[in-house]
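The letters A, B and C name the chains in turn, as written, and every chain counts its residues from 1.
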Amino acid sequence: MVFQEGFQIDTRGRGSYAITDQVQRLVKQSGINRGICQVFVHHTSASLMLCENADPEVRADLERFMARLAPDGDPLFRHLDEGPDDMPAHIRSILTGQFLSVPVAGGRCALGTWQGVYLWEHRSRAHRRRLTLTLIGE
Amino acid sequence: MVFQEGFQIDTRGRGSYAITDQVQRLVKQSGINRGICQVFVHHTSASLMLCENADPEVRADLERFMARLAPDGDPLFRHLDEGPDDMPAHIRSILTGQFLSVPVAGGRCALGTWQGVYLWEHRSRAHRRRLTLTLIGE
Amino acid sequence: MVFQEGFQIDTRGRGSYAITDQVQRLVKQSGINRGICQVFVHHTSASLMLCENADPEVRADLERFMARLAPDGDPLFRHLDEGPDDMPAHIRSILTGQFLSVPVAGGRCALGTWQGVYLWEHRSRAHRRRLTLTLIGE
C-alpha cells in the first residue's frame, strides 16, 4: 500500500521548524500500520533533520555550529547569485540532507523519545517550502 | 511484503560498532529477496554509517576528524545539560544521520565489498541503543 | 511492486557527475507511478547528493568547501593506504551519504525545480562506480 501527500511550510527565515505533528497526522490518516515513512523537501537550500526535541538551545547551537562551518559571505565561495547566504545554504542542505526515512510501527512514525522531525530553513529570508510525505507499508 | 524487527546494541561509549552481521541475519530471516532495507536508530546522540570495513584506522581517523570539527567542551555550545560531550554528540549524529537505506538483492543487503554497517556512539559513556530494521520487498 | 536495476558510472576523478537523466529513465522504464526511489552507490569513497542543477559554480564551491574541511594529506589522518586523498574521500562520503531516497509521483522522481541527482567522486583518479536503483510502489 502506498500513501502520498504533499504539504507546505512557510518559514520565517533561517532556523528549524518542528513538523513532527504534521507528519504523525498524515501517517495516522494513511491507515498504514507498519512500513516506511519518507519525508522529502523539494529544495536545495533547506533540509530535514531528526533532532533533540526538548531543549531549543540544541537547535540554537546547531545554528552557531553551521555559522562557523559555512559562514555567510565566506570569501571561499564564488556562487553568490542570491546573496551571502546562498552558497552556505546549499552546503548546509547537502550536509544534513533533503530526505528522512523513518520506520512506521503501530500506525505511527516510531521516533525515539527525544527525536523530533524538523524542517531546517537555511536562507535568511522567509520561504514557502514544499514537502512530500510518502508511506509504504501495510 | 513488510518485515520489521527491533534490536538493541550495548555500546561501551564513543566509537563505532559493526552491525553488518546482525543486519544480514535479519534480512535472511525476513525471507525477502529484493527490495529496500531501512535501519534506524531511535536516538539523537548516536548515528548509523556505511564505512570502510577493512582497516580500523579509518574509523579512528573519523573520530579524530569529528573531535576537531565538533570538540567536547567547545565554548561555542550552550547546551551542556549532560556534559561536554552532549552537544557534540547531537551534531555528529545529525551530520552522519540516524537511518540507512540499502538495496536488498538475492536475499541480502547488497553492500559493496568494502561497505560495513556501523552504529556510531557519540556519547562518552556506555549506552543501550535501540534500533529498528524495516524491510519492504518481495 | 519492486523494480531494481544496476548501472555503472565511469568517473574522470574527483568531482560531481549528473545522473538525473539515467535515474529518470529507469523510473520511466519501471512503470511505477507512485512510490519511493532509492539510489545507492556501492562504495565508501564516493557519494550521492541532491544539488542545485543550474550554476556549475555551486559544485565547484562544494569542492572548495570539502578541500578546506577534509584536505588531502591532512596530518590528522593515519589511514593513507591509497594516498593522500584516501581518508578525505571516506570522510566526504560519510558526510554526504551513499544513498538517496526520493518520492516517485506521476511516473517520475518528484525532484524540485533546482534539484539534480549527482554522483560525487571523492578520489583523485578515475573510477568505475557501481550503483543500484530500487523502486517500490504501484
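Heads up, the rule we're going with is that contacts are C-beta pairs under 8 Å (C-beta built on N, C-alpha and C of every residue); 3 or more make two chains touch, one makes a residue touch a chain.
In this text the structure is predicted, and so the values were computed from the model without any measurement.
Between subunit A and subunit B, the superposing rotation on Cα atoms measures out at 120°, rounded to the nearest 5. Of all residue numbers seen at the subunit B-subunit C contact, under half occur in both copies; the interface is built from largely non-matching residues. Averaging Cα coordinates per chain places subunit B and subunit C 20 Å apart. Within subunit B, the positions touching two or more other chains are listed as 36, 69, 95, 97, 101, 136. Here subunit A touches subunit C in the complex through residues 2, 4, 36, 38, 40-45, 69-70, 76-79, 81, 87, 90-91, 94-95, 97-99, 101, 130, 132, 134, 136, going by the rule given at the top. Within the complex, the subunit C residues that touch subunit A are 34-36, 49-52, 55, 57-58, 60-62, 64-65, 68-69, 95-97, 100-105, 110-115, 136-138.
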